[in-house]
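Two complexes come next, and they have one chain in common, chain A, joined by chain B in the first and chain C in the second.
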Partner chain A sequence: METISPNDILAKAETLRNSLSTGFRDEIVKSIYSEAERVAHRAVKTASDKKYDLDQKIDRLVTSPWTGLPLMLVLLGIIIWLTVSGANVASEAIANLLFGLGDLGRNLFNQIGAPWWITGFIWDGVYLGLAWVISVMLPPMAIFFPAFTFLEDLGYLPRVAFNLDWLFKKAGAHGKQSLTMAMGFGCNAAGVVATRVIDSPRERLIAILTNNFVPCNGRFPTLIMLATVFVASAFPPALTSFIAAGTVVGVVLIGVAFTFFMSWLLSRTVLKGEASAFTLELPPYRKPNLGRILYTSIIDRTIFVLWRAMQTAAPAGAIIWILANIPYGDANLARAIADWLNPFGLILGLDGVILLAYIIAIPANEIVVPTMMMVYMGAGMMIDGPGTSAGIFDLLVNGNGWTMLTAVNLMLFALLHNPCATTIMTIYKETKSWKWATVSVVITLGLAFLVTFLTASVARLLGWA
Partner chain B sequence: MYYLAAVITVALILFLPRIGLLARIKDYRAAKEREQMEDALKHLLDRENQGRHATPESIAGTLDIARDKVTRLIENIEAQGLIESRGNNLHLTAEGERWALHVLRAHRLWERYLADEARMPLNKIHGEAQRREHNFTEAQLNELDAALGHPIRDPHGDPIPSREGKMNRAEGMSITAWQADRPARIVHLEDEPALAYQQILAAGLRLGQDIRIIEKNPNRYILSDGESEFKLAPAVASNIFVSAIPESEMLKREAIPLTELAHDQRAQIVMLDDSVQGFTRRRFLDLGLTPGTTIFPELTNFFGEPRAYRVRGTSIALRNDQAAQIWVKPV
Partner chain C sequence: MTNIKINLPTEHCETCPAFTQLEQMGIKVGDFDRVIALAGNPNTGKSTLFNALTGLKQHTGNWPGKTVTRAEGGFQFNHVKYKLVDLPGTYSLLSASQDEEVARDFILFGQPSCTIVVTDATALERNLNLVMQVMEITDKVVVAVNLMDEARRKGIEVDARSLARDLGVPAVPVTARTGEGIATLLSTVAEVIEGKIAVKPMRVEGTPEFQKAVNELVPMIESMAPGIPNARWLAIRLLDGDARVQKAITSGELGGIVQRQRQADAQFSRKMSVEGRQ
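So, the complex of A and B:
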C-alpha cells in the first residue's frame, strides 16, 4: 500500500483550493445556518408573539426622541444620585472602622516601643493610604456597578448605544463607545478593557483615548466635595444631595461633550478614517437575574477594581507620609513643593497644593482630597479635614485663598486631567504600545491645562476673579 | 576635556555603525533607491500588460523624478540584469518580470488587507499600499496571502499574481464560441494581429463591456451593448474574449439595497455585495445574514440611522452604509 504523507495532503489541498469558487465561505455558513434552523424547527415551539409585541412597544418608548433621550438623562441622574447620597453614609462607616483599626495598630506599635518613623511609615503612610482608598472607593463602586450591571442585564444599554450612534458616527467613532463610556463611570481602567467590544482597531483606539473624559468613581469624591461645599451650600440642607448630584451630572455632561469633541478631533487628525463596520445586537428584554448581577458586579468588577487600586494606593500612601514628615524650612517637604508649584497653579486658576495632590495621586485619584487637606492643615498624614461643609469652606476660602474660580477650575481639572496609573497601565496592556499610553496622557493633561488656563484668563479679564 | 567628550559624543552619534546618523541615512537611501527601482519595474510591467512600451520619459512621469536621475536609475537596474533597452524602449527581462510581479503581488495583497481587515475606505487604499508594498520577502507575502484566504483579485477587481509569479488572467472564450443569446462580458482583447485589434478598438468595444450577440453568420457578427451595435468580420470577432457576467451582478439587477426597504416590509436577503469582504463579510455571516434569510426593518433611530432589522429572531442594528451592502428582494 502506498503511504500518504502529511505533505501530500497539504499539496492536494493546495491544488483543490484553486478550484474553489470565491463564495464557498458564504456557502459553508449558509449550510450551517440551515442545519441549525432545521434542528431548531424540530425542537423549539414558539407559542405566541406577545413577548415580541411588548418588546417592540418598550423599544419604541426608549428610542423615541421625546421619551428615549429624557429617560437616558433621568437614569444617569438616578444612578449618580444613588452613588452620591448612598456612598456618603457607607464611606463614613467604613472610614470609622478602618481608621479605628489603624489607631489600634499605632497604639500596639507604640507599646512595643517601635521607632516613631516605623510606626508612622506603616500606619500613617501605607495603611492610611489603603484605608482611604477602600473607604472612598468601595461604597460608590458597590452601588454603581450593580446598577450598571442591572441595566446591562435588562438589555437597556444596547438601546443607549442605538440612540447615541448618530452622534458617534458624526465624530467618526463607534456607537458602542457609549457602552465603554458608561463603564468608565465605574472605573476608567475597566472602561478601557471594555473597549474590546469595538472590533475596529481605529475606533477602539478612539474609545480608549477618550474614556478618561468620563469621571470615574475615584474622582467623584472631589466633585462631590466641591459641589457640596461651593454649590449646594447655597440651598436648603434637605436639597443638598440632589443639588450635589445635579452638579455632578452637569460636570459629567461636560465630560461627555469633551469625549465627542476629542473623538471628532482624533478621527480627523492622528486616527484619520471613516466610521466603519458597525453592527449592534439589540437583545430581547430580560428579567434581570439578581444572583448574576451581584456576582458580576461585586466579584468581577468591584473587588477586581478595588484590588488593583489598593496595589497602587499603598506606595502612594508611603510617599505622601514621607513628604509630609521630612522637615524643610519651617514646614515640611510637601508644603515646600506646593509653594514651589504655586505660581504655575495660579496661572491655571488652581494652586500649588492642588497640583501637588494630583501629582502624588497619579496612582489613585481617591486620595486627592485627603492629601489636599493634609497640606492645607499642615498635618503629618492624610486627614478628613473639617467635619462640616462650612468648616471646609472656611479652611479653603478664608484660610487658603480659594475663590469660586478655584472651585470651578478644580472641577474641570478633575474631569480632564491625566488617567490614573492603573488606567495608563491598562491602556498599555490593551494597545501593546507605550506610544498610545503616552498619547493618552498628553492629550488629557494638555487639554486640562489648556481649559483651566483659558477659564482662568477669561475670568480674570472679566474681573470675576 | 569637555571638548574631547563633546567631540566623541558627536562622532558616536554620527558614525556609530547601524544606529549612527550616517548609517541611518545610508539605510534610508538604500530603501528609497530600492523603492524607486521597484516602482520602475512595476511601471514597465504595467506598460507591457497594456501592450505599450515603457520609455525613460514615461518612467520619469510616473515616478515623478527628474530626467537625469531616471537615466541613472535605468543604468542601475540594467546593470542588475532586470531590464534591457532597445532603442528608446525598455523591456523587462525574465528576472525583472519576476521581481515586478512580486511587487505587484505585494501591492494587491496589501490593498486586499487594507480594505478587508483594516477597513480603510477604498479611495485611500491605493496610496497606502503604494507605501507598504516594498521590502517584503516571498515568505512574508505567502503568509499574508494565506491569512487573507488566498484572494484572487484586489478590491478594484484586478487579478493578484500567484505565488509562482503567474498572473491569474481573466479566462474567457472567443466570442465566436459563445452561445448567441447569452449575455457576455468582454474580458480580454487579443492585441495580435495588430490590425484586428485596431478594428476592435475603432468599433468602440472595450474591456469590461457587457454585450450580446444579435446576429452571427459566416460573413459578419453583430454585437450589441444595449445601446449601439457593432459589426465585425468573424476573423476580427474571434479576437474578442468573453466570459459570463458574474452571477452576483445578475442577482443584483432584481434586488434593492436593504436601506430602501420600508418599515416592517418583509424581504429576503439575495446576496451580500461583492465589495464586502474579509472582516465585515464574516461579521455579517456570523450574524446570520445569509442569502435566503427573511429580514425586515423594525426600529429606526430618530436621526434616520442606525436602523434595527429583525433577522432570525434577533434585532440587529446597522448603519446605512453597511445596510446598503446587503441586497434584498421584497416578498
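So, the complex of A and C:
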C-alpha cells in the first residue's frame, strides 16, 4: 500500500481549493445561516406585542452617547462611596479588635516568661503583619466585590464595553479590552487571563501590558486610606466619605486615562496596527441571584484574595520585625535601608520607608500599607488607636514628615507601579515570553517614577511642598 | 455543600426513565464512564448548567467570554458516572482565537461521548449557527434550549419537537437556573450515547464540486492517520486553508493528537482534583 505523506494531502487540498469556485466558503457559511434561519423560524413563535420590552428601554439609556458615560461614572462613584464609607467604620473596629488581641497575646507571652525575641517575632512581627492586612483589606473587599459581582451578574459589563469601544478604537486597541480592564479592578492577574477573549495577538498584548493601570483590590485599600486620611480630612466631617470617594474615583479615572494613553502609544510604536472589528452581544439583563453573588464575591474572591495576602503578610511581618531588630549604626537595619533609599524617595516626592515597603510588597501589593506602618512604628512601638484616621495621620505627618505631596504621589505610585509577582507570572504564562513580562514591569515602573518625579518637581517649583 | 436544587419529577416516577437520583460529584472526577462536553454561545447559561449538574461553584457572570478555559466536574446519573467539560462560549468554531480553539480541539480530539450545545431560547436563530458547526464535527449532539423562563417572559415559544426534527438531533427545553428540564436532558443524553435515540445531524452539503473535493480528501487523511475522528471535518478545514489544521498535518502530529489530548485530559483532571479551582 502506498503511503501518503502530509505534504501530499496539503498539495491535494491546495489543488482542490484552487479548482473550486472562489465563493465556496461564503456559500457554505451562507447556507449555514439560511438553514439556521429556516429551522429557527419554524420552531419559534414570538408574541409581537412584547417585542419592545424593558431591556431595550434600559439599554437606550445605558448605552446612549449622552447618558451612557455619565451613568457609568455615577455607578463607579456609588460603588466606591459604599466601599469607602463602609470600610472606614469596619476597618477601625477590626483594627481595634485585632490590635487588642495582640496586646493580650504579648502580655500572656511576657507573663509566662517567653524570651523577648520570641514574643517580638510572633506578636510584633507575624501577628502584626496579619492584623494590619486583615483590617486594611477585608472591609473594602467585602463591600467592593459583592457590588462589582452584582453589576456583573446583572449584565452591565458588556454595556461598559459598548460605551468605551470608540475610545479603545481610537487608541488602536480592541473594544473588549474594557471587559478585561473591568476584571482588573478585582485582580490584575484575573484581568490578564481574561484577555483571552481578544482574538488578535497584537491587541491582546496591549490589553495585557496596560491592565495594571486600573487599581486592583490589593491597591484600593491604599488609595482609600490615603484619600480618607489626607484629602478628606481637610474638609468638614460630614463630607469626608464623599470627598474620599471622589478622590478615589479621580485616581481610577487617571488610571483609565493612562490605559488609553499607553494603549495608544503601544499601538503607534512597538505594536503597530489597526483596531479590529468585533461583534459584541448585549445580553439580556438578568435578575442577579443574591445567594450566588454573596458566595462568589465572599468565598471565591474576598477570602481567596485575603488568604493570598495573609500568606505574604505573615513572612513580610517577620522580615520587617527582624530588620527592625538588627542593630545597625545608631538605629536598626530597616531604618538604615530606608535612610539609604530616602534621597531617591524624596526626589519622587515619597520617602525611603515607602520604597522599602514596595520592595517588601513585591509578592503582593496588598501589604504595602501594613509594611509601611510597621517600619514607621519601629520595633514594637505602638501609637494610640493605630486603626483610626487620626492615629495614622499623626504617625505619618507629625512623626514622619509626610505632606500632601507625599500622599498624592503615593496614590499615583500605587496606581502606576509594577504589577505584583502573581500578575507578572501570569503575564509570562499568557504570553509565554519573559520579554513581555519584563516589558510590563519596565513600562509601569518607568511611568510611576516619571510621573511622581514630575509632580514632585512641579510642586516644589511652585512652592507647594 | 450545595444550595442548588434540581427539581426532579415527583409524580408517576416509578416507571419514568427520568426518575433517578442526580448525584453531584463536584471535582471528584477520578474515574468516570462517559465524557460530556458543554458547548454554546457566550452567555447562554453553560456555566449555570455546569454548576447545577456538578454542584460546583464555577463563577457565572453575565458577560460574553467569561469562561476562557475549560472547567471540569463530575456527576452521577442513573448510576453512570459522567465527566462534564464546560467549554468556553463561542459564536463559531472557525476563527483562531484561543477560546474557540479550546472548544473546537476538545470536541474534535477529546472525543466526548456526547456534546450538549446550550442555546438561548430567546435568540435561537443566532445560536443555531454554532449548533450546526458542532454537528459538522460530531454526530452525538443534544441541543439544550436554555433560558426557557426568559423566553416565556418575553412571549417567545419554542417548539422543541420541530427543532429536533429539523436538526436531526434531540432538543430539550431547560431552565438551568431552576432545574426545569434537566432530568429529561440527562436521560436524553444517556439515550443518545447508548444509541437508543438515533441521531442524523443535518449537514450543509455545499455545491457538488465541493462534495467531490471533500470525498477525495477524506480517504487520504484516514490512511495517513488511521483512527482519526472526524476526517470529513478536517478535510473541510483543509479546503478552507485552516492554518492550524495544516500545521497539525505537516508536523506529522495528527496521529499523535488524539493520544496527546487524552493525556492532557488526564493531567487536567489530576490538576483539578488537586487544586480544586482555576
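Keep in mind that, in the parts below, the second predicted complex is superposed on the first by the 323 of 465 C-alpha atoms of A that agree within 3 Å, B and C clash if a C-alpha of one lies under 4 Å from a C-alpha of the other, contacts with A are read in each partner's own complex, and residues count from 1 in each chain.
Keep this in mind: a contact is a pair of C-beta atoms (placed from the backbone, for glycine too) under 8 Å apart; a residue touches a chain by one contact, two chains touch by 3 or more.
These figures come from a predicted structure and were not determined experimentally.
Enquirer: A:175 contacts which: chain B (first), chain C (second), both, neither?
Expert: The first partner, chain B, only.
Enquirer: Kindly classify A:103 by the partners it touches after superposition: chain B alone (first), chain C alone (second), both, or neither?
Expert: After superposing on A, A:103 lies clear of both chain B and chain C.
Enquirer: Between chain B and chain C, pick out the one touching the greater number of residues of chain A.
Expert: Of chain B and chain C, the partner in contact with more residues of chain A is C.
Enquirer: Considering only the touch criterion stated at the top, classify A:92 as touching first (chain B), second (chain C), both, or neither.
Expert: A:92: touches no partner chain.
Enquirer: Scan A:63 for contacts with chain B and chain C and give back first, second, both or neither.
Expert: A:63: touches chain B, not chain C.
Enquirer: For A:166, decide between first (touching chain B), second (touching chain C), both and neither.
Expert: first
Enquirer: For A:277, using the defined touch cut-off, is the partner it touches chain B, chain C, both, or neither? Pick first, second, both or neither.
Expert: Only chain B; A:277 stays clear of chain C.
Enquirer: With both complexes overlaid on chain A, does A:26 touch chain B (first), chain C (second), both or neither?
Expert: first
Enquirer: Now for A:152: first (chain B), second (chain C), both, or neither, which partner does it touch?
Expert: In the superposed model, A:152 contacts chain C only, not chain B.
Enquirer: Identify the residues of chain A that lie in both the chain B contact region and the chain C contact region.
Expert: Correct list for chain A: 17, 25, 33, 158, 199, 279-281, 283-284.
Enquirer: So in the complex, which bits of chain A are touching chain B?
Expert: Residue list for chain A touching chain B: 17, 22, 25-26, 29-30, 33, 56, 59-60, 63-65, 68, 158, 162-163, 165-166, 169, 175, 199-202, 273-284.
Enquirer: List the residues on chain B that touch chain A in their complex, please.
Expert: Interface residues on chain B, with respect to chain A: 118-121, 124, 149-150, 152, 272, 279-288, 290-293, 298-299, 301-306, 308, 312, 314-319, 322.
Enquirer: Which residues, counting only chain C, touch chain A once they are in their complex?
Expert: Residues 3, 41-43, 57, 59-65, 68-69, 88, 91, 95-99, 122, 124-126, 128-129, 131-133, 150, 154-160, 162-163, 166-167, 177, 202, 204, 206-207, 209-210, 213, 216-217, 220-221, 223-224, 235, 238-241, 246, 249-252, 254, 277.
Enquirer: What does chain A use to touch chain C in their complex?
Expert: So the residues of chain A touching chain C come out as 1, 3-10, 12-13, 16-17, 19-21, 24-25, 27-28, 31-33, 35-47, 49-50, 53, 149, 152-158, 161, 176, 179, 193-194, 196-199, 279-281, 283-286, 289, 291-292, 295-296, 299-300.
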